[in-house]
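Pasting the structures here.
Same chain, two partners: subunit A is paired with subunit B first, then with subunit C.
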Partner chain A sequence: MTSIRNLSRRGFLNMSAAAGSSLLLPSGMLTSAFAADPLPAIAEEDAVIGFGHVGPITDEGWTWSHHQGLLAVKEAYPNLKNILEVENVPYSADATRTYRQFVSEGANMIFDTSSTGDFLHQVVKRAPEVAFMECNGHNPDLPNLGWYYLAHWYPTYVLGVAAGHLSKTGKLGYVASFPVASVYASTNAFLMGARTVNPDATVQTIVINSWFDPQAATQAGTALIDNGCDFLFGIMDEAGYLQVAESRGVWAAMWNTDIRRYGPNAYVSSIIVDFKDFYVDQVGKRLAGTWAPNQTLLPMGGGVDRDVWGQNVPEEVGKAADEVREKIIGGWSPFVGELKDKDGNVRVEADQKMTEMELYNWDWSVEGVSGLEG
Partner chain B sequence: MFSSFRIQRLPSSHPGIALAARLAAIVIALVVAGVGIALAGMNPFDLGARVITASFGSSFGMEDLGVLVIPLILTGLAVAVGQQVGAWNIGAEGQFYAGAFAASAVGLFVPGEGPLILILMFVAGLVGGAAWILIPTLARAYANVNELITTLLLNFVATLLVYYVATGPWRDRSGMANSATPPLSTSVPEFWGIVHWGFPIAIGLAILVGAALAFSRWGYEVRLVGSNPSAAKYAGIPVRKHLIMVMLLSGAIAGLAGMLEIAGTVHRLQGGISNNFGYLGIMVAVLARGSPIGVIFSGAFMALILNSGIVLQTQGLTTSVVLAITGFILFLTAIGDELSYYRITREKPEGAA
Partner chain C sequence: MELLTGLLTTAFLAGAVLALAALGEVLVERVGVVNLGVEGLMAMGAVTGIATVTAVPSPILGFIAALVVGAVFGMVFAFATVYVRANQVLCGLALTLMGSGIASTIGRSYSGMPAPVTFQPFKMPILSEIPIIGPAFFSQNILFYLIYLILPIFFSYLMFSTRHGLNMRAVGENPAAADAAGIPVNLMRFSYVTIGAALAAGAGAYLTLAFVPSWSDGVVAGRGWIAVALVIFAGYRPIMATLSGLLFGMITALGFIGQARGWPIAPAFLSMLPYLGTVAFIIVPVLAWQKMRRAMAAPASLAVPYYRDMR
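For the complex of A and B:
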């Protein structure tokens, strides 16, 4: 992270209110606002760092990826012995209890890897001497809390291009967890990519109310295929619908890690996530006493990317999608109006480019995506 | 001649023996857990000390316990009250959600804030919980349909209803929260750290219900219905009326637990808020042997166990190990409890006198 622009909080607010343009800097860091008094430096051997995860670190998916980040921190700071890690933190008041426990164990910095929202913020407010970073969080204006996430809509758009080429029916299936912003961004970007190839493509979504429920994901995948979908995508922390796609002979794209061995024939690619450098950087700053609450979206190529194409993906399809990928890395954005929602209302005016914050907080479906909004 | 031993089940166990059996069960469970932890390469004494200091050594830990115990006492009380009239309310989980749902509807859509809204939410919680057990109650009272099944099945309906509104029509569109409603307009005030007024309400309600059951004519009749419905009927007690009233009360108390959790601790309606409190309430009631006053203590015990689980997790024990230890303690406690009803007597051989 070389070019960090430091802004005062008020400066940031003014700027985001005034400017319609993207706030994303090349580093991925949107803003970095210094608290009135930066938290003091700590010696490596005295520091306590806490990680709270939504799932088990053995999930081969989201939590595993964050755990790799923890291991990278350990490697980068060998004298940092005190790293607390709790798996399966539920999205309930138990999350508050877990993070309170981190604080009472003397944590200096705490990462919430799965946006527990208010449950975390209640702790943040009462522990001003602790640095908090919330993954996919939303900043409720607390001086010791920042957030970080991935600009996953770009590689998702790239996968959408591939899906447009690969799908014969033009019906794309999506196994969704909850109707939350990251799922809106994911389904929309996926369809927008596919429509550059097949203008009639649609995305059918089934919401299963979980990030990790192999049985429900399997059922949803089966139902989507029965409905005519021949390409499955979704944000799941496991390989359930990939196995369905493999046995039914359709395509599938995944999230988090390379899990092609669960369905080598069906596997197209995956949204690969990598938090290692980010965690090492953040912990380093906290130790040095230079940490400030920042809002960071890791960009494509710097924390999130598509995976190596699957064995059955024709070379020209991978090439066509990769050309789009290069264009995006070069600075081009596909998320430009005119965009209509599913009811036909114009939501983004012609030639208007969506900002990173608009993409991050996307809460409506583009025309052609069904199943998320009641 | 050999004297023969006989195992005898007593109608009620001596309180001292019951307490001793329970303590023995906890000690055995902790020893076994300690051996397991030692085998896993950690020091069980360090961990034990850590749990105790984390729970009692700071106001932080005590506050956590204070918040955690509120829903446990109330759902435990809901189940215990049902037991008094001979009904197993397995649906405290669903009534918890229904109470939270109704209270949230008030907190989200009734304009204004302050004490009046809080009272409305309180009433909504009670009514929501009672409404959720209404059908199982009537089915049991008029058609003798087993309430174990009906109350249990409605849990899933209530859970999914809350998931639906929290992720669908009522969801927060501000981007500040995932799969939850916006914050409710009104909160139950806190009086000590993060502990809110639900704490004295829960304890007060348990004492009130316990006293009413122990000392009032109503309580006497309810207990008679619970222990022997035929005799109660013969004695001219309105069995059906008592059954209906007490089951509705049970549902209302569970609904209140949901209301207090929403308005005091979570502040937004969303799936997963119950933390299984409804099911844990069954355990709390069993540990209290159906006694409303006992629920205060078994609720506190359960809160301590759950909180220890969180402390142990930050010490590197995985969730599965913590769950196994928790389950083991409760399992042995239940066995110890049951064993305290038995005594071994030595019979003198016949004719030896």
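For the complex of A and C:
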């Protein structure tokens, strides 16, 4: 390669011509030229695996679940001594620095457990010998980057069915973080499940602009209950609104982990996430030299599921919801048209089934969900 | 009717954290010291509270322990800023980083479990039956009355109606003159910085023992900084600091209720409300009445270390 110092005028012209012509190629061709060879196998002793988390591993939620995955990797590959882990990676240029540090410490495989987007991709581009996996990522077409996430809308739909049975007022409250695809999918699936039981059910969301803010979640939960909601759901990394539900005597369903001890009477169930098998599988493939960038949505029953029903949930309610769960595991999809958005426009035609990617990138609210779109 | 009761209840609950922390900071700033370590002190108080009640199931003991820990940290800060005369802003930031860091390290073993005991609200007979304000004001826990009634009235009386309070304010306005009048400037500053820090830690303990009864890393979530801002808003007055904490809690609650009721306002705008409110409340009175500018002014020697030999 010509170095900058002895670059002649002719060399410069050649380089710019190459750059120019590559722009003319159809997208995708450029990357496939690089992606020819899978990354080589590594001995277990020499391998370095990195994990970057958005929060503290003690959060009893999202990051904790990923940390359990890391522990499972450790257990599956006892000779794998070098596992790097950084907590509280911010969504900023500091993330780039963190992942660059992983690379310079010789990481062979890096997991970004909470999508850091471009801050990660900058590092990915410069480290073609390292395998990257971004959780809830959106593939920017890089040869050494894949993404993974959970098909959480299915268990959420199941919880929605339970909520439809349990809620007396039909007003369901939702403590949301940001109006992002995960939250749209979650609120929509929740309401669609509930509407199979109670066609008049509605979901009222409160956006608190954080994944983790117990004070705001507590206030939001209180406001929802004051407004007549008797079933709270949300997508938080902590138990704030479950404690509110417990003291106010309404139902609550949670995310991430089993935290029923915070409110055993109010607890209905959780969207339980489990990345253990996935991480063990991915690290195994990388060690064996068979890893290729993949786009994985962990299905219900294989990484995401509903939790064991709470102690006060009537048996027949649990049974009714579980029947739906069995049906979905059997291959049935509840996300079939006709679906209308909140302005009454038909967004999914009758009998048309939404694809997994459409569900993953859901960016509008179905009729009956309020609070996310202005 | 129900809307108003709900609004007041959440406002009082959420406002108490800010009110107590802001009250502490008022004391600190009135003697001419800026303590930007409130966020860290609150984190320390929060984790101390939960650690104590895990060992001994008494919320009052947990609260007192938090006050003590806050006072100890406050003494370190006061020693550095008052006697060593280090830069107050830097020391405050250091205190925030240190406090949050230590709290999250200690907190590791306490995260993920609900507080075993908390301050329980008790209903006052008859009074709690009053519509609207009854449930909000007369069926709360004991800390609530300490924060909203006893402490602000006590400190306001102390500050504006006693000789000691006059001395205290003199230290913040003109320490050289105060020194000449025989007021022990450094001792005064040291004591009130310590008391203010203790109250900030107490606000943290209120968080984990009454408001969100569990510890998790980052539970304070920036409320310490808001408390510092509220002090300016309150014009460095104890009762105003308490009320501004309450007002801030009320505006936050209004944002949530607006979303819950489906008001046709963008959620992003509703969550902006507290901050817009603060800006408006600071600017409007000063523009409307020129006199307010002087009344709301900061103590003249705020953040200036006092050197006796450079008078």
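Convention: the second predicted complex is superposed on the first by the 340 of 374 C-alpha atoms of A that agree within 3 Å, B and C clash if a C-alpha of one lies under 4 Å from a C-alpha of the other, contacts with A are read in each partner's own complex, and residues count from 1 in each chain.
What we mean here is this: a contact is a pair of C-beta atoms (placed from the backbone, for glycine too) under 8 Å apart; a residue touches a chain by one contact, two chains touch by 3 or more.
Nothing here was measured: the structure is a model prediction, and the numbers come from that model.
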Touching partner for A:290 - first (subunit B), second (subunit C), both, neither: neither
Which superposed partner A:179 touches (first subunit B, second subunit C, both, neither): both
Touched partner set for A:207, first subunit B, second subunit C, both or neither: both
Partner chain in contact with A:312 - subunit B first, subunit C second, else both or neither: neither
Which of subunit B and subunit C A:345 touches, first, second, both or neither: neither
First, second, both or neither for A:79, with subunit B first and subunit C second: neither
Which of subunit B and subunit C A:238 touches, first, second, both or neither: second
Touched partner set for A:371, first subunit B, second subunit C, both or neither: second
Subunit B and subunit C footprints on subunit A, overlapping residues: 56, 179, 207, 209, 374
Residue numbers on subunit A that touch subunit B, as the complex places them: 50, 56, 84-88, 90-94, 96-98, 100-105, 115, 117-119, 122, 126, 136, 138, 140, 178-181, 207, 209, 361, 363, 374
Subunit C-facing residues of subunit A, complex: 55-56, 58-60, 64, 173, 179, 204-210, 212-216, 218-220, 222-224, 226-227, 229, 238-240, 243, 259, 261-262, 370-372, 374
Subunit C - residues contacting subunit A, complex: 2-3, 5-6, 9-10, 13-14, 17, 104, 107-108, 111-114, 207, 211-214, 216-219, 221, 223, 252-253, 256-257, 259-262, 264-268, 271
Partner subunit A, residues of subunit B touching it in the complex: 54, 58, 60-61, 64, 67-68, 163, 167-169, 171, 173, 175-180, 183, 194, 261, 265-268, 270-275, 307, 310-311, 313-314, 316, 318-319
